[in-house]
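Here come two complexes built around subunit A, the first alongside subunit B, the second alongside subunit C.
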Partner chain A sequence: MTETQHGTRGEARPAAPRPSQSPRAGGPAGARRRSSARIGPKLGRFSLFALPGLLAYVVFVLIPIGMTGYYSFTNRNPFNPPTKWVGLRNYGDLLGDQEFRQALVNTVIITVIVAVFANVGGLLIAMLLDRPTRLYVALRGIFFTPVVLSAVVISVIWQAVLTDDGLLNSLLRGVGVDDPPGWLSDPDLALYSIAWIITWQMLGFCVVVYLAGLQGVPRELQEAASIDGAGRFARFRNVTWPMLAPALTINTVMLLITGFKAYDQIQVITNGGPGTGTTSTMAFQVVQTAFNGNHIGYSSAMAAVMLALVATVSVIALRLLQRREVTQ
Partner chain B sequence: MDDRTHSWLRPLVAVFVGAVFFLPLYLVVVNVFKPGADIVPHPAGLPVPPTFDNISAVLSRPDNLFTFGLINSVAVTALSITILTVLSAMLGHYLARSKRVLAKVAMVTLLCGLMIPVPVILEPITGVLKTLGLMTTLQGLILVNVGYYVPFGVLLFMGFVRSVPLELEEAAELDGASKLRVFWQVVFPLLRPASASVLIFLGVWIWNDFLTPLILLGPDSGTTVTVGVYRAIGQHQSDFGAVFAFMFLATLPILIFYLALQKNFVKGLTGGAVKG
Partner chain C sequence: MRRSIVFCLVTTLAVAGCGVGEKPSATPASGGKVELSFLVFETPNLNAAFWDAAIARASAKVPGVTIKKLVTPNVDRTGYAKQLDASGHLPDILQSVNPAGFAEAGKLAAFTDDELKNFIAPTAGAVDGKVYQLPYNTQVIPVVYYNKDAFAKAGITETPKTYQDLLDVSAKLKAKGVTPFVVGGGGADTWADMYPLTGTVATDVYAKTPDFLTQRKDGKVKFADADFTKAAQKVADLAKQGYIDPAGLSRSYADTEQAFRDGKGAMYPMGSWFATSADNNKPGFEIGAFPWPSDDGTPVTPTFTGGGTSVSASAPNVDLAKKWALAFDEDKENNDAFVKLDGSIPAIKGYTPPTDMGPVYQATVAIYQQGMKDNSIVNAFSQETGDGSLPPGLADKSALGVQDLITGKKTAGEFASYLDDQWTKATQ
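Up next, the complex of A and B:
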């Protein structure tokens, strides 16, 4: 310990006679001289403390990404060696792969539904609950609860509700609907049921973020607009909504990422069905191909496409939404 | 104001929407305490008198799916978030303070990690773990959690470190504190609200993780409670009481953890604001 102290003191000294680099240096504040005399603070051993976290990230994220990229150009299959370089063949095969195309379309449908409905619903509920009394605070807690629960638990709950003889259809039969829809067994409906389940879970997240945004809208602005004769809608459009731009950015990016990686609900509820792949998503397709089919080369190509799509869409959305924040 | 003319409407609508939204959760909670035979004919009825048969059946399962899962989940979550909080605070502190190009590169690389979906890297991760001899071990899962979630921790800590005055660190150093002491006794305590956020978010996420423990712990060596829920529905799909009780018990610890820390989190934020 003592060595460190001497070490850092000794190192800090030569830094002092470089006053030109700091506006504060050279002034009478002698005690500040050492740190301010450098462009940045002296970090010394702090860089050592930074290493373990970085190392874990490199070993368990960066190296695996590199491996996925490399495997995507091979025919790797642990049960069918040897692994050979196949160039772009996996990517070529993906272009004609109906199942993958369907998974891609399903993922986009889920993502769009979740991003739109959780945003709109979240905003409406946030405006409804934007009152400080106990009732509304308690209701906020209710909407936030599913955010804390695991997607597996949420899936099982909704499966019990939406299955053919489930709670919703018993209710519908009770009120005289003879042939209620098969929310999870009808190939045309199941995907939308999955999207609804994810929306329901993410709704509370959006509510909380929008509430935080609403509480940042100054009351004076509302009142000023009101005095100027602005009606409710005009006040929302011109005062509230622009000030919610950062909340919209957070929610949209979060929802896009959540929608794109949708996996748990499919594995727990539909296993990709009913029929073949009607609710399969990209994440589901990647995992199935890798762990059930052992076609690692091919699944890696899917994974690379998936990552490229997630990255492109998130970055574009982030740019567009943040530009909107600045201009307003 | 036009607000007042409909003053009765808002609470009415709010309660109605809240009740409809909460209905699925209500169904789980009431049916946990109902005998199995009552669930299908009266799904929404209150459990009077309540029975604890479903709960005790889960706790006394011969395969110990719940009890072992609970132990594994607690161990994995607690160790992962403890390590993550310390490591990402150190890394976030360094990256927020450093002006080096290399630090900027590391920061951007880490932020990119925020949007990487698990399935993209899962198969290679199993390869890395097999090389390290850690596949199907809790240690392996914890290390993977640390690597995968470190970007999120760094993101939260970096924003917060900028609000800690550099002068405080320098004063401690002038007084002769080593770098380790400066970090541990000056910087880290000041980052408490950020630590609370990291603990809450990552605690909830890691507890609820499904795919990662499903694959990394494998079918043979015990699993987490969240994967346990999935295994339990495979076995008795029609016994709602058993499944709901399993889910209820699997969720309770993380819900309590969330509620307990949330208070602390709010206190930390407002306390700081009041003191200025």
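Up next, the complex of A and C:
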């Protein structure tokens, strides 16, 4: 039982407006005041519960982002003090930084490959697995396994597969390929090998999201389309695919973010090589510049650019894909 | 309610604040002991049991110290030390962390002449005349370890004395279908591809200009100068002629060593630490060792001396930490263990290695002793510490650049110019 139910507080009582009441207390404004007064104590209590989480978010996310923004305008190098304000110089230097440009290009290539192939592969596999038998339920679990594994574990496994003496080349040699490709040692292939590994890991995520989407497509619509003479492809194009728009949005945004953040696989499998900048991504470049080169200020500018880029691309993709959801 | 919120806010901030920049107390811990953190790295050879035993031996000699062992997540202890330092948690004692940058920034305590009196090269790795890392051991980098069986099968009866001999040997091996060199550098172990270049820089650059990097710092020389470019060209040519297999660049350090053991190449240019690994875990063939040859056969022995412990200037008790560090590095049993497990050549006066060392280690030490006798000791490129060393991060950039040389993505001239550009960037 609350105080309001007891009616012990006059301001909470749902009294009818009287002609004698002042405009401040009555009418819509007064109702709003009464409503906020009822919510106030609850809000306070809820805020108390939210406070630890909020503080963690502020301390571990917002403050570091703010510090990164601040450092990006300095020449901070913990091994070469003092730190001085340099204005936009770091950002100006980034424009002419060939290595950063290469890392940006590599990141975009990885992101595009991951976004396209994981989406397409995920959809195809989801359609194959969209059956209620136990076998297919078990297969869904198997496809989802890479998603729950650490990127480092995935990287170690794929390194063992793709290295020159690894499983894949041993198989190729076994079937008579004398000079199998250097999946990780050939500068023209290594970036695509990395993109494939990330795609492989994200495939399970896409499968699950598309499966959820497929199971939300009403069977009556499919049947109605069949009765109207629609073939399998026409049913997919005109019924299933439009209904999967929300799943496409989720997958695409998640894959874009994953591609832009690619770091672990590069650190474990190629260390940015073979050679200079071959597989270096923006995130990798940020860490290398900060902790190998000690240029914290400059790397903060890189991180700020990366943050802006990921946020912009994600928001644009989200808006475009959501618009598609609305218009379908 | 407002007071509750304020209380929660203050408490949470206080708790969060406590974790940042927390340092051990300067006062002795319980039992009258000072707790000192000690950063070590573990490898298959230098495992947890080794470090625990070595720490116990040093602690027994220095009463009043309790050591808290910290282990790096991988062998890149310098990178990890930087990350710890960035969060205000630089360990009190650090094992084999490159002092470059830390020393200049005043983060490490310098050792006095008296403290260094037992070391053979007491000024090795000095920064502005002060030593921040105990020069407890020497390593020859590279030694060319070779498969005696593969040499015999290719009709090679003598080890190469000149660089042309090395090329001839390589040609004979290749003609027999054997890849002459095993060179790796995959995964996080990019550094493992450096050793052919370390060899050619020693013979073609450091033999003439021992203080090359100091001169580079002063702007008197450049990597793009003829000698360094020639050294890089030699590596590019080895790859171009098929004597180094670029596919090896996908192999991690451990995989590279295994590839040599598996007979996937006849010569393995590597640091002298491989010697005890070869002795302790013998492959199915005999291993020999020879120094990287110069053009005219003049002996040149690239070495690194240092690699011991450093002490943080902000340790709770710097004097006690230094005393413990010295006890750790000078302990006979600790050095015996380093010799047996890591092929170390201790640079401590009066130290003699165990008499039961294997033939590959003996051959390696013989190369070093001959170098001392010939007065042919020079620095090992990319391994230098102190004033005449590469700026932070440049050793890693060099290793990536070497991959470009091996895959043909960069010419020797482009590689040298790349290093000059990276030097400029690193020192800005």
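By definition in this document, the second predicted complex is superposed on the first by the 285 of 328 C-alpha atoms of A that agree within 3 Å, B and C clash if a C-alpha of one lies under 4 Å from a C-alpha of the other, contacts with A are read in each partner's own complex, and residues count from 1 in each chain.
By our rule, contacts are C-beta pairs under 8 Å (C-beta built on N, C-alpha and C of every residue); 3 or more make two chains touch, one makes a residue touch a chain.
As the structure is a prediction and not an experimental result, all values here were calculated from the model.
**Student:** Have a look at where A:F143 lands relative to subunit B and subunit C in the superposition and call it first, second, both or neither.
**Tutor:** The answer is first: A:F143 touches subunit B but not subunit C.
**Student:** Is A:W158 touching anything from subunit B or subunit C once the two structures are fitted on A? First, second, both or neither.
**Tutor:** first
**Student:** Comparing subunit C with subunit B, which touches more residues belonging to subunit A?
**Tutor:** B
**Student:** Once the structures are superposed on A, label A:I296 by its partner contacts, choosing first (subunit B), second (subunit C), both or neither.
**Tutor:** both
**Student:** First (subunit B), second (subunit C), both or neither: which does A:N271 touch?
**Tutor:** So A:N271 only meets subunit C here.
**Student:** Check whether A:W85 is in contact with subunit B, with subunit C, with both or with neither, and answer first, second, both or neither.
**Tutor:** neither
**Student:** Using the touch definition from the top, say if A:S185 reaches subunit B (first), subunit C (second), both or neither.
**Tutor:** So A:S185 only meets subunit C here.
**Student:** Identify the partner contact of A:I65: answer first if only subunit B is touched, second if only subunit C is, both if each is, neither if none is.
**Tutor:** So A:I65 only meets subunit B here.
**Student:** For A:S47 in the superposed arrangement: first (subunit B), second (subunit C), both or neither?
**Tutor:** both
**Student:** If you lay the two complexes on top of each other, which residues of subunit A touch subunit B in one and subunit C in the other?
**Tutor:** In the superposed arrangement, which is not itself an observed complex, subunit A uses residues 41, 44-45, 47, 52, 59, 159, 267-268, 290-291, 296 for both subunit B and subunit C.
**Student:** Going by the contact rule at the top, pick out the subunit C residues touching subunit A in the complex.
**Tutor:** That would be residues 1-2, 4-5, 8-9, 12-13, 16, 79, 82-83, 85-86, 101-102, 104-105, 107, 185-190, 245-252, 255, 259, 264, 392-393, 396-397, 400-401, 403-404, 407, 409-410, 418, 425-426, 428 of subunit C.
**Student:** Which positions of subunit A touch subunit C when the two form their complex?
**Tutor:** 41, 44-45, 47-48, 51-52, 55, 59, 78-81, 159, 162-166, 182-187, 267-277, 288, 290-296
**Student:** For the complex, which residues does subunit A have touching subunit B?
**Tutor:** 1, 4-5, 8, 31-32, 34-35, 39-41, 43-47, 49-50, 52-54, 56-65, 67-68, 71, 125, 128-129, 131, 135-136, 139, 142-143, 145-146, 148-153, 156-161, 167, 170, 200, 203, 226, 232, 257, 260-261, 263-264, 267-268, 283, 286-287, 290-291, 296, 299-300, 303-304, 306-307, 310-311, 314
**Student:** Per the contact definition, I'd like the list of subunit B residues that touch subunit A in the complex.
**Tutor:** That would be residues 1-2, 10-11, 13-15, 17-18, 21-22, 24-25, 27-28, 43-44, 87-88, 90-91, 93-95, 97-100, 106, 109-110, 112-113, 115-125, 127-128, 143-144, 146-148, 150-151, 153-154, 166-167, 169-170, 173-174, 176-181, 183, 204, 207-211, 215, 226-227, 229-230, 233, 240, 243-244, 247, 250-251, 254-255, 258 of subunit B.
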